[in-house]
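Input: a single structure, listed below in structure tokens.
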Amino acid sequence: MSAALDIRGLTKEYVRGKPVLRNLDLSIGAEGITAIIGPSGTGKSTLLRCINRLVEPTGGEIRLTGAEGSIDIAKLRGRGLRLARRRIGMVFQEYNLVERLSVMENVLCGRLGYVPLWRAWLRKYPEEDIARAFALLDAVGLPEHATRRADALSGGQRQRVGIARALMQRPDLLLADEPTSSLDPRTSVEVLEMLTKLAAAEGVPVIINIHNVALAKRYAKRIVGMHEGAIIFDGPPEALQDDHLRRIYGGEDWL
Amino acid sequence: MSGTTLPAQRRTPFAPEWGMRILGLLLIAYLIYASTQLDLGLGRFITGLGEGGRFLARMFPPNFARWELLLEGMIESIQIAVLATVGGIILSLPLGLMAARNLAPWWVSGPVRAFIAVCRSLHYVIVAILFVKALGFGALAGVAALIVASVGFVAKLFAEAVEEISMKQVEAVRSTGASGMAVLIYGVLPQVASRFVGFGLYQLDSNLRNSTLVGVVGAGGIGGTLFAAFKRFDYDFVSAILITIIALILLAELVSGRIRAAMR
Amino acid sequence: MSAAKGSDAMSAATGDTLAPLRREWIRHTPAERLTRWVMFLAVVAAVVWAVRTIDIIPEFLADAPEQMADLLVRMWPPDLAYYPRTVHAALIETLHIATLGTVFGFVMAIPLALLAARNICRVPALNALAQVGLVASRSVNSLVWALIFVAVFGPGAAAGVFAIAFRSIGFVGKLLAEALEEMNPGPREALRAAGAPWGAEMLKAVWPQIRPAFWGVALFRWDINVRESAVLGLVGAGGIGVVLEDAINFFQWDQVATILLAILAVVLIAEIVVTRVRARLL
């Protein structure tokens, strides 16, 4: 089966002549968590955001393959781009929930790319969407919180809602941009456990940005190490040695 | 997918929002009712658009032929604004202090607050009319009216600012045995001085806008010229006057913006 | 704002070996002193110029207290019987003008605010154009708008409603645009990443964040509009101003007193209502 995501020659320059991503090649397979590690400013977040075009790549090809066929995201615009984005779910570091809306409404935001506007406004979502939303809420362990306002939840709970929202899209790919960086150690583990379990159950590959190397090694099937916009390590967690970490992050003392 | 599922009862996805729905319906009902009360049918609206178009045509191009009259009126308006602001600020200082509930006893602050509220509640044009009847036509009435308006605004804000100060600082100064005035100057005023300047600037701005209008009822300034032009259907002169007024206000906003930025 | 230099009074007796210890407390640096002086002089100059050249007849000024007292005497007692005859209906009309004008003004202000907010509309030319519209609306006083609309629609409440509406556009639009620009961009980003169309983004990510500011501005402006609507009648745009104008022109000061009291009452009630609603909403 062909790779779910195929990136070729991805480049991004915020300032001309200073590329943040240098000609990246990366292929993500059909399952498991791929963790991208690297120091701040090395382009991890840029890479993720190029995939769903929240950031405009300067050059390269981003090929997404799924149930609906294969397309080059880098070439899409307007409506085509929007439809493609429905196939990619994203979980954010700051959760990015709409705080004044209820948990259920936030989860259903995942379907906004599919339902007509009047349904969204009158909150007359299709029955199966609501059923799936409830099922997802159960799965993330928040069954009774459907009508609570999002800002009444704790950080870990909010992130779980974020995961439910992303899965609501039935995506071909899940992106997670530092999903645990705003959470305490124990909640981080809970959230990553949940993410792994649910993604596996739905058969969705996950690409996750993370700067906690220990967590990355624990949950990821594959680790990609970046340094100054290029990939310098790509392999299973067991293969990640101190030597590699030194090259990825630089410096000695922190090891 | 496993997890705790509630028993197969119907779960409500959204909390009922009856309050908002009813309010929405009431609002729409009111709008329809009020429109009919005021005879604001769609037909009237459309005729109005036609009239409006014709009106605009008569306003352009703006006619600056009587620019001396225009200038005279504008200068008088500026003078009214300056005097009213200064007068209003001078009066607001003691009034604001007297209205502050943390400084003055209730039998002082109560009446003073009521007085300030009344100053604020009456529209400055109405006050201008009263002063015109009492003091005769001319700028004096305008200045008086705007002083009242300024006091209503600045004194209130000043009182609120004073009520927000840290009483501990005041207490500290008082404990040194300083006299009442000294406590004010060293304990109270430093905490509110910068905000007071801000209020003053804002009020100058506001008075500049308002001073252009008091003339409509005879209280001096360009308002009188404007009203006369309207009555004589000199709409091109009207647009000249309006353009000048807008330019003045923009200029004032720019300048006060700069001053405020410089003060930070 | 203070600077320290060297001079300690206590060691004045000892002489120069202690020069470094001498400190003088200067509250403002010379540069600051100069600026303060200049500003003070500017204000004084402005006042003096204004007083000198303004056309105030000294006799009027001297006469003033007596005139005011005379006026007050004529206004007391207020003719309360006058109220149900004419004042009440006019007051209600004033409230209608204020409310309709506010709503209408909002309807026109919202698209302008969306265009002016740089994070919603990313075309600088449109941003600038919208801002110009907002400033123009703000700079023209509601009385002047009333004059204009009386010329367009003829005298009556219709002119008043439009005057209030057009004046409110600038005020409301500016505050809404500011609220839009200060919004948290995160939720919008999330919805865009999920493939939501622009309309859904506005409805589900922008509107919930803006809602408290929206209602706050609405209440604030309605309160001000109630005040402004009361005077529009002076130029013929309907409401209680018309009644007031008549009473003044016929020197019926006791009726004037009633009208003023009525206006005061309405304004106070409006303010109380607004404070209560705001406390409950937010």
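Order as written gives the chain letters A, B and C; numbering starts at 1 within each chain.
Keep this in mind: a contact is a pair of C-beta atoms (placed from the backbone, for glycine too) under 8 Å apart; a residue touches a chain by one contact, two chains touch by 3 or more.
Keep in mind that this is a model prediction, so the values were computed, not measured.
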Chain A and chain B share contacts with C
Per-chain C-alpha mean nearest global C-alpha mean belongs to chain C
Note: of the two pairs A-C and B-C, more contacts are counted for B-C
In whole angstrom, the CA-centroid distance of chain A from chain B equals 50
Between chain A and chain C, the Cα-mean centres are separated in Å by 47
Whole-angstrom distance, CA centroid of chain B to CA centroid of chain C, is 3
Check: chain A positions touching at least 2 other chains come out as 105
The positions of chain B in contact with two or more other chains are none
Chain C touches at least 2 other chains through residues none
Counting only contacts in the complex, chain A reaches chain C at residues 52, 54, 82-90, 92, 94-101, 105, 109-110, 112-113, 117, 120-121, 162, 165-166, 169
In their shared complex, chain B is touched by residues of chain C numbered 43, 46-47, 49-51, 53-57, 60-61, 63-64, 67-68, 70-71, 93, 96-97, 99-100, 103, 135-136, 139-141, 143-144, 147-148, 151-153, 156-158, 161-162, 227-228, 230-231, 234-235, 238, 244, 248, 260, 263-264, 267-268, 271
In the complex, the residues of chain B that touch chain C are 27, 30-31, 34-35, 37-40, 44, 48, 51-52, 55, 75-76, 78-80, 82-83, 86, 117-118, 121-123, 125-126, 129-130, 133-136, 138-140, 143, 209-210, 212-213, 216-217, 220, 226-227, 230, 235, 242, 245-246, 249-250
As the complex stands, chain B meets chain A at residues 1-6, 11-15
Seen from chain C, its contact residues with chain A in the complex are 186-187, 189-197, 199-201, 203-205, 208-209, 211
